[in-house]
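Labels for the chains are A, B, C, D, E and F, by order of writing; each one numbers its residues from 1.
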Amino acid sequence: MNMTSNIHTFIGCDASFKEADLVIFGAPFDATTSFRPGTRFAADYIRMDSYGLETYSPYMDLDLDDYKLTDIGNLDLPFGNAEKMVQMVEETGSNILQAGKKSFLIGGEHLVSLGQIKAAFKAYPNMILLHFDAHADLRSDYMGESLSHASVIRRAWDFLGDSRIFQFCIRSGERSEFEWAKAHTHLEKFNFDSLESTLSKIGNALPVYVTIDLDVFDPSIFPGTGTPEPGGIFFNDMIKILNLLKPLNIVAADVVELSPHYDSSGISTALACKVIRELMLTMLDS
Amino acid sequence: MNMTSNIHTFIGCDASFKEADLVIFGAPFDATTSFRPGTRFAADYIRMDSYGLETYSPYMDLDLDDYKLTDIGNLDLPFGNAEKMVQMVEETGSNILQAGKKSFLIGGEHLVSLGQIKAAFKAYPNMILLHFDAHADLRSDYMGESLSHASVIRRAWDFLGDSRIFQFCIRSGERSEFEWAKAHTHLEKFNFDSLESTLSKIGNALPVYVTIDLDVFDPSIFPGTGTPEPGGIFFNDMIKILNLLKPLNIVAADVVELSPHYDSSGISTALACKVIRELMLTMLDS
Amino acid sequence: MNMTSNIHTFIGCDASFKEADLVIFGAPFDATTSFRPGTRFAADYIRMDSYGLETYSPYMDLDLDDYKLTDIGNLDLPFGNAEKMVQMVEETGSNILQAGKKSFLIGGEHLVSLGQIKAAFKAYPNMILLHFDAHADLRSDYMGESLSHASVIRRAWDFLGDSRIFQFCIRSGERSEFEWAKAHTHLEKFNFDSLESTLSKIGNALPVYVTIDLDVFDPSIFPGTGTPEPGGIFFNDMIKILNLLKPLNIVAADVVELSPHYDSSGISTALACKVIRELMLTMLDS
Amino acid sequence: MNMTSNIHTFIGCDASFKEADLVIFGAPFDATTSFRPGTRFAADYIRMDSYGLETYSPYMDLDLDDYKLTDIGNLDLPFGNAEKMVQMVEETGSNILQAGKKSFLIGGEHLVSLGQIKAAFKAYPNMILLHFDAHADLRSDYMGESLSHASVIRRAWDFLGDSRIFQFCIRSGERSEFEWAKAHTHLEKFNFDSLESTLSKIGNALPVYVTIDLDVFDPSIFPGTGTPEPGGIFFNDMIKILNLLKPLNIVAADVVELSPHYDSSGISTALACKVIRELMLTMLDS
Amino acid sequence: MNMTSNIHTFIGCDASFKEADLVIFGAPFDATTSFRPGTRFAADYIRMDSYGLETYSPYMDLDLDDYKLTDIGNLDLPFGNAEKMVQMVEETGSNILQAGKKSFLIGGEHLVSLGQIKAAFKAYPNMILLHFDAHADLRSDYMGESLSHASVIRRAWDFLGDSRIFQFCIRSGERSEFEWAKAHTHLEKFNFDSLESTLSKIGNALPVYVTIDLDVFDPSIFPGTGTPEPGGIFFNDMIKILNLLKPLNIVAADVVELSPHYDSSGISTALACKVIRELMLTMLDS
Amino acid sequence: MNMTSNIHTFIGCDASFKEADLVIFGAPFDATTSFRPGTRFAADYIRMDSYGLETYSPYMDLDLDDYKLTDIGNLDLPFGNAEKMVQMVEETGSNILQAGKKSFLIGGEHLVSLGQIKAAFKAYPNMILLHFDAHADLRSDYMGESLSHASVIRRAWDFLGDSRIFQFCIRSGERSEFEWAKAHTHLEKFNFDSLESTLSKIGNALPVYVTIDLDVFDPSIFPGTGTPEPGGIFFNDMIKILNLLKPLNIVAADVVELSPHYDSSGISTALACKVIRELMLTMLDS
């Protein structure tokens, strides 16, 4: 019988855990979403639609099939318990990183990133954080809750501290967030013009964590998200960003905030799949 | 200027709190939803689309305009904190009931009911609970969380105890839930054939709480919900149910689990509006 | 070349005007719609999707291909001018009826019926009107406008007078409409139980006009309409109705209020197509 | 790590092939669809959404977890080659049946059934075919192609012959199909009233194949299909049908024609999942 | 009780009429729409989704909370009576302008602008009109009706006369409209390259009216409109436009032609909200 | 009676075949589609929505009404038989070209182009092929089938041979396709920067065939397609392309791969209509 195996992974990610250089996993959680929930379905839709992709990237002239990748599935997360969720993501990320592999997380809402950033910080205490997003995510709390997708970068700052966080393309937030950022992070509004010079200052030696909130993209190309913000970047901008990131030592990354049910045309999931392919190849080629 | 006032209430609910006989409020919360979230938007969509309704019910030959009703808006609930949410709903329900008014809650997910059931129990310790739903909601916990929309009736049993809970039309659950119900609640599978005899046994003297999880309806007429279950009741069945409830002393009620974004046709919201109008008239006429 | 002709008609309606026994035409107008507009697209969607139907009805064991039918297209109606629209529909209906043919109108909103009812009244002054709808449509005016889809039957009464209008399945309206109907029309709420006895009283001799507002159907099977009202009839009920109508001399009919863009699944248009096929066969077989 | 395995099966179908009593597989093919294609996605959506189901059926008081079931995935079918597809499905069905297991196929369009019916006929030459559908599917060809989803039962008749095919609930077809059926199959229009007496005539001894074209359901509860036909059955009718089938020796079955992209609300997939659970339990309990 | 008030306004617009510097109101009217109607729902959806916005604009570094704004709700407009509608909008606009406040209108179709342009002309007879749109809107009539959303700018010219109307980004119209514009308005096709020089010629002294038909945006970022025209501007272009408008004395403005039901993803409403926030800040800061 | 004729053509294409300079026809076929089918509906939706267009192009300052065009409808194609389909398209294309007219084909999936390219090659053996697409379409076969929408350009090469095929904007394919192209076609990745120089090398003398797979556009502006690929061109890019093509002798063209049901907002169909209008004017003006 000539069957499609029932293994449900991102395309090209069918190595064993042991042999894999990069491990991908999903965190289906959306309990702190402030506007429209639904990101819990992202990882499964991304896996399913990734088979509409080729493994070959004409942008990088690289092929996923030339690497050893594994997709270990989704975490079984408790609904509505943000603290336990962060802890479980951290634990999984730590297991992957301590095995000497690169770790790649698919959200879920942005708060899931916090767990893996913690894991990366433990494994690489000199890491820096590159953050691409429409939102500053620097609130100290959201309606009284300190663990929120609107405060995830602020929570990362709690342990990373000043001058370790670099934010690009930010186009939404409260005035106080932009004010706070002036003292504590590098924050570029709207664009990523300062990315190249920033990276050349940092150099390629430090371990890097990349977190991409997909709502950094314009809602025209990425309508399937909780808080769409007009005025975002396009896919070709992301290609330019990734070209700049190529020399870096990216040890962990995440791609979050796809809410597939808000986009019946499926183009948001298609975009997420392609960003993941290109970002994985960027990490592996570096 | 001949303007539509900016007051955003359910149609016909524009009395002052003081003069009102029935108070309606919303609880936009969906953090423990096990499958598809989005019920947080229900109360606002219901208010907006209620203006497509008439205030007059040809079923009851009654008119909302003949009663004093007020809609006091939505609670400002914390995202992702189930415990605090239940407490805030309880407090609001208590305020309304202690002012001698009937209280009507619009969810949100089913867990919001727990707060108002607690409030009603405090005000009316001999109350009974009538529960119309596709799901038994009797799990002791859901993935380790005891506060979940799948365990809300079990949590109500924690303080109501045996023989106070009456469940109808239940068509989904784990085997263990149906087993547990045999000892602790009255549970009729699929239908409400036993409703009439049950009510005649109870009599009309006791204060009654009615909780309607709208997924008790067939998904054909109510697609906009998180966990659609084929084989449900239709609108005319609800009219029959409400006719049976008319002699009762219903002191509080709720209507939960509309997730309007899952139904782009709007028929789910239209159904919810009409159920609310008919249930309010049932409570007021009794 | 084996081409599908570019002629865009309802399936099976390709006779010439001259030879046709029944003439179908469309009136794409929705300017007085009180809630959600869009019925202007109905006739074109119905024509397009009618090719998913067979011409054969297993319900009646009759085939459209055994009759001479023609579809003469849509009227070019002015946007936003209700008076001129009614006049143009009347003129077209008159042309068809005076040529000794049966006339079949596809709306558009319900107000379009008024034109053809006038035409039928001129041609058959002793006609009676059978009305199937969720709404009474008996308002004297709607926000000051006397020509409105919510007052179309009242406007027909202006010239038909008492005891000529028979309304079935009505489940929505203001109290005053139901009151007014008691004196001036036969109005059955919710059902059509009185249809059989009514028809036997009237006899088969009088010319009959049938107007079907498709929102008489339950929104579950007909979500694509401006004002969905839960608690409606199903397709098999319509088959029963049409069986009762078969002995009548139906000289004209209309089917109105499909708003196809509100139903991305297409089932509303599929229902409309089948109702039109069955109603045409009912008229032709009588 | 507490992970959801990446194995992508229908819920409860995680036994090994060897130990399994029933084997489920998918055939993602829709090339001969006459109206709206898209059934190729059915099996994957059904697997994904089946996790919204419980394994326990309150209808049957049976649990999938009490049986050994396996889901072996999808066939890798060639796009647009109907002949090869039928052959590949037949081969897989034969492998399963010859291993002494029950075979359960998820379509795809209805033509996929032909392969498994052939396999069943080879394994059980005295088999009978029970067919539940909106459409007769008895065309000798469709626009010149003999292999079409509109002729699948006619093709099965080619080798099964007269008095072996029993069709229920048929409400659409050309006049010639209904005429042909009079001589060659048992065909009940619209309903399944004759099912009980038919089964008692046949007895429980013969091996039975059950093919369910999901468009047998009313489009209100199953909008996600290529050719929606108003006037169908509801979920509770299917429960009645399955209760009648329980005593039979069902050796193979299929469930076809879900087109999930046509129903953004997801209720069609929810229905398909539940029909599959109930039909599998019916087969296993018999 | 910690409630969200039931007041339903655009975010940040909760001053009293008396203290407000800018007054916003809605005109839910779409009766003359030539293609796809539905703009009547725009103002309510904009209010509801505006709470997904912050009051702070990182583009302008200004905050709505620093100003006094009021949202007085929607006009109660007659369905299908364009003349009366224009008159009612004019009256409301006049009341606002004569109270020395800036007036901001949310459509509705583009014809609603005519009423407020009239009001502004009466209050500021030397006003000029800046028009951003995909369509020229210069038809002398549309199918015989002189009041149409396709002729609104022509109707404004009837009283404003030559050299007072400046049109940008126009990419659709009949040849005769473009011909007519050569003699009577400033019309730039496709772009707004001439905006800067035009404004410097006019100077900052004259009172300015700004009308934005949102279909000036590309359909990719604004699909929810009646007549989508590929090739439009993007959000960042609008930011550039508003920066150029900042020195002007804008006394009144409108934003029209959102049809929210045509965009189930909600990105069109999100865009409209942000354009309104930025345009209000532009008016207030000038 | 002032009726819209029932003739269902692309706007402005109502000349007779005899007098027409350009003939347009549809090929509703999608049987070899590899991911999401549905392009069979494209031609009918394009015709219907083309009436939302003007016949006048402000881009070219040309009007369809100044030319003689005819739309002869759709081919009656067999479902699921790719070979016969290609043959039927070829035959129709040949009839048109041999009558000395330009031929314009609307798909359907991209494989339909093969028939017309064959016809053009027979009529103009020195023709060259300009190909605009997201995908290389150069696979030798797709899952064993040599006739596939993923191999259509490879099949054209079978008879056109080397240096006759020019591909632009290609951003997806297997590595082997890009490798193969290096030897056999001119393939520019992502952009069309080389178009101008390429055309100047070729000169204006040769007959040209233009095939536009609409998924060359970015999914943001064209979500309604089977295989959306982020990073595509926008409408204004197409205008630039067509300006470059204007001097050429384009004898035949096609526009393929619109799948209208995947885009409930309708912007994809609007784009297709405008591309067709502009491409027809480009062909006629040259």
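Quick note on the criterion: a residue touches a chain if its C-beta (ideal position, glycine included) is under 8 Å from a C-beta of that chain, and two chains touch if they have at least 3 such contacts.
Computed from a predicted structure; not experimentally measured.
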Among all the other chains, which ones are in touch with both subunit C and subunit D? B, F
Which one of A-B, B-E or A-E makes the same contacts as C-D, at least in over half of the residue pairs? A-E
Just curious, how far off is subunit E from subunit C if you go by their C-alpha centres, in Å? 39
Measuring centre to centre with CA averages, how many angstrom lie between subunit A and subunit C? 55
Which subunit F residues sit where two or more other chains touch them? 36, 76, 218, 220-221, 262, 264
Taking touching chains as linked, do they make an open path (line), a single closed cycle (ring), a hub with spokes (star), an all-linked set (complete), or other? other
So which chains end up touching which? A-B, A-D, A-E, A-F, B-C, B-D, B-E, C-D, C-E, C-F, D-F, E-F
Give the list of subunit C residues in touch with subunit F in this complex. 1-9, 25, 44, 48, 71-76, 88, 91-92, 95, 264
Given the complex, residues on subunit D that touch subunit C span 35-36, 170-175, 178, 189-190, 218-221, 223-224, 227-231, 262-264
Parts of subunit D lying in touch with subunit B, wherever the complex brings them together: 52, 54, 56, 58-59, 61, 63, 218, 220-221, 234-236, 239, 264-267, 270-271, 274
Which residues of subunit C touch subunit E in their complex? 30-34, 36-38, 40-41, 76-82, 142-145, 147-148, 261-262
